[in-house]
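Letters A, B, C and D name the chains as they come in the text, with residue numbers starting at 1 for each one.
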Amino acid sequence: MSHDPLAAYPDSMREEIARVRRVVADLHAELPRYELVVWTAGNVSQRVRHPEVADGSADVLVIKPSGVSYEDLTPEAMVVCTLDGELIEGTRAPSSDTAAHAYTYQHMPEVGGVVHTHSTYATAWAARGEEIPCVLTMMADEFGGPIPVGPFAIIGDDSIGRGIVETLSTSRSPAVLMQNHGPFTIGRDARAAVKAAVMCEEVARTVHVCRQLGDPLPIGQRHIDSLYDRYQNVYGQK
Amino acid sequence: MSHDPLAAYPDSMREEIARVRRVVADLHAELPRYELVVWTAGNVSQRVRHPEVADGSADVLVIKPSGVSYEDLTPEAMVVCTLDGELIEGTRAPSSDTAAHAYTYQHMPEVGGVVHTHSTYATAWAARGEEIPCVLTMMADEFGGPIPVGPFAIIGDDSIGRGIVETLSTSRSPAVLMQNHGPFTIGRDARAAVKAAVMCEEVARTVHVCRQLGDPLPIGQRHIDSLYDRYQNVYGQK
Amino acid sequence: MSHDPLAAYPDSMREEIARVRRVVADLHAELPRYELVVWTAGNVSQRVRHPEVADGSADVLVIKPSGVSYEDLTPEAMVVCTLDGELIEGTRAPSSDTAAHAYTYQHMPEVGGVVHTHSTYATAWAARGEEIPCVLTMMADEFGGPIPVGPFAIIGDDSIGRGIVETLSTSRSPAVLMQNHGPFTIGRDARAAVKAAVMCEEVARTVHVCRQLGDPLPIGQRHIDSLYDRYQNVYGQK
Amino acid sequence: MSHDPLAAYPDSMREEIARVRRVVADLHAELPRYELVVWTAGNVSQRVRHPEVADGSADVLVIKPSGVSYEDLTPEAMVVCTLDGELIEGTRAPSSDTAAHAYTYQHMPEVGGVVHTHSTYATAWAARGEEIPCVLTMMADEFGGPIPVGPFAIIGDDSIGRGIVETLSTSRSPAVLMQNHGPFTIGRDARAAVKAAVMCEEVARTVHVCRQLGDPLPIGQRHIDSLYDRYQNVYGQK
């Protein structure tokens, strides 16, 4: 009856989009739960790969709509966009940060999930334009070094996306603090990017608290390398 | 049987008052949820316009009663007052801040909602009498510049209301930090004023945390203007 | 069948004790809710007056047992003690702070409720032995001036109780910060003392946050007096 | 039918292991509840003593699996390991901190429970390599003195376990802050170790907040001794 906006995509991809709508909707609930967002701020997206177009140009992303309360973020409310940021399925306008997510997927083919928040401590480092030094073993595990600062960029063109990609391409960190703005995090899927957002705020807070009463003790680079290597390769369930 | 205290108002206005009682009762639950208030502090009101008296002089406001627990704030518990602050419907005394809300509605005809809290970080800036500088993109979005400080004023006459109106009339910010007291916020309706109260505390906290370890990087005025303009006109659902 | 330990008290007093067991059990739930306590720390008590012994010497107090989890604090779990701190009803040992509560009731006949916590910010001021200056209108309302510091005293004799009574007898504040220890608060009943404990932590936190970035602006004594007088006499429902 | 990996252990020990699986699973829920952990960080273990091998060499420990969400930590998900850290029952890899727990049980026979977190304030002290001074009566009660710092050590050999044991063997404190890493706590069982982890973060936060605005007043050693002695011997229910 009604026109199916995803008719041009293979069946397996349409099923995957339906599954990812649920995944992305559920993951949005983690942001207020970990107190990373207030009101309607923040957003999570996941890439769905086109099974027949290997260069990624036909991939899509699933993201939350703009300005909608966290309680109303059901799977049906999510919207689907091309990697040019064009809305292809959904009744609402996509998040105003969609262009930054899309640019990241376009230029970082290994990235499957992107998260953006204004979490308090990470945003405070971003407002000073100061990277978070790697002085905690859990930070070495997860970030493999400092969490870097990206350039000042405002919404409206590619500059936020470019800032994210340029900063993360030269860092082991899955998180970048966009100056005066807040953190963006990436991962192999949306869940990994949410984890990076949670850990980013956690280390931003802990190093902040540490620094309030003095200087943290540094961790040697070979220890950072060793912790990062183990955590990326051994930690968790196989 | 019993005298209806709203008998003098048109039917459509009485229906709107009933609806707004529910809206205002529900919005009060957002204040403890976002940890903006403790015990019985804080209050939310919304204006109901008289459909036949264009100058606003017959408008009323719906507000919470004084000194009542947040759990007991049902729609029935709300009280209705004239813009002179006189109780016209309700079995309890109106909030002790009613005069400040009423004064704001009287003198700012575009305002449809007012919120007052003692939220921690905003009140801390207020106790130093220091405006919050606009150093976050989310702050440029929502407030269009610094959050200003209003004069020291105590309850008992028009001075709180006058301080709110004089400060907000010369600012793009929907929030004012009344000195040694706490924030008042306004909006086109109570929901917008609650959002401004939530965002006010969020930016008060983030800029505070930033400043604890150094100076924030400024955002240029033309960037602030551009962010504010976009957010007020483009963000959210149409 | 079993001996009733309250057999010597008038019926009306026994009924009141049963009612106060519920009140005190319910009020304990407010302490973790407002994050004033962790684990089994903190305690709330209420006095039950003997209707026939006017000098208060036959009054009793209802308090929580020692070292019991907040989830297990049912009305039945509460214990009843004389104002000499002797257990008269209950199967568990009374809170280890019972002597301090009892001493306060003995020496301040107008006090009907006592609360003790180790809430973070109030305890931090107590550890510096520094009173909290009255720089917020909500503090003038509730405390009528600074929140004073009591002497260093340790458990085992009357010294905590004496420190509370001596400090509060010469202050309008219903809260005292016992040095290196934490706040004790009083009220006409346990609910009022819990409210004072909640407000004490709130102002301790807000003034702390204010002071982190500079000095608060003072409030003149006549304004403090005026706010205190209004709040104690006008605020809330009659 | 299927091989029982615990077949070599006495029946009473197998029953105790089943019971401890529930205890340890339930106690893990306390860590996010008290905001000591985010995501999958942190772990709780309890020793189960072999009833027939007095030297402890046949004891086992029950601990959480590696990298599993707190919501999924059912009794069945827990894993059982020897004190050499070898997995003997469970379908998932044990926590990556199992070696440190096992080393502690091997070398501190009186210890029945171990907890590890990255709780914010305790970890901040650890990142400066600074012990927490004993300036609160609740700290004297629970820790009997300062909370000491352990050496910098990274995962992969015995060095974390050795650092824990060497530091705690010469202290009354049941908590050690491992440098740049976070707190480990011990107790006669897992519940006591969880309590120590909760109290460790509480005093780390309170003393931090105190120090932000000045120096805490010291507590004399004889008062610390007296408080510690009373609390360890008198507090709580017999």
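The rule we apply is simple: a contact is a pair of C-beta atoms (placed from the backbone, for glycine too) under 8 Å apart; a residue touches a chain by one contact, two chains touch by 3 or more.
Small disclaimer: the values here were computed from a predicted structure and weren't measured.
> Just to be sure I understand the contacts, which chains border both chain C and chain A?
Joint contacts, listed by label: B, D.
> Please decide if copies chain C and chain D contact each other with the same set of residue positions, more than half shared, or with different positions, and reply same or different.
Chain C vs chain D: different; shared/all numbers falls short of half.
> Could you pull out the chain whose C-alpha mean position is farthest off from that of chain C?
Here the answer is chain A, farthest from chain C.
> Just the number, please: Cα centre separation of chain B and chain D in whole Å.
Spacing between the chain centres: roughly 47 Å.
> Could you work out how far the Cα centre of chain B sits from that of chain C, in whole Å?
About 33 Å, centre to centre.
> Please set out, as single numbers or ranges, the residues of chain B touching at least two other chains.
212
> Give every residue of chain D touching chain A within the complex, in rising order.
Going through chain D, the ones touching chain A are 38-41, 65-68, 92-93, 96, 118, 120-121, 123-125, 127-130, 152, 154-156, 179-182, 208, 211-212.
> Please give the residue numbers of chain C that touch chain B in the complex, ascending.
34, 135-138, 195, 198-199, 202, 205-207, 209-210, 212-217, 219, 223, 226-227, 230, 234-238
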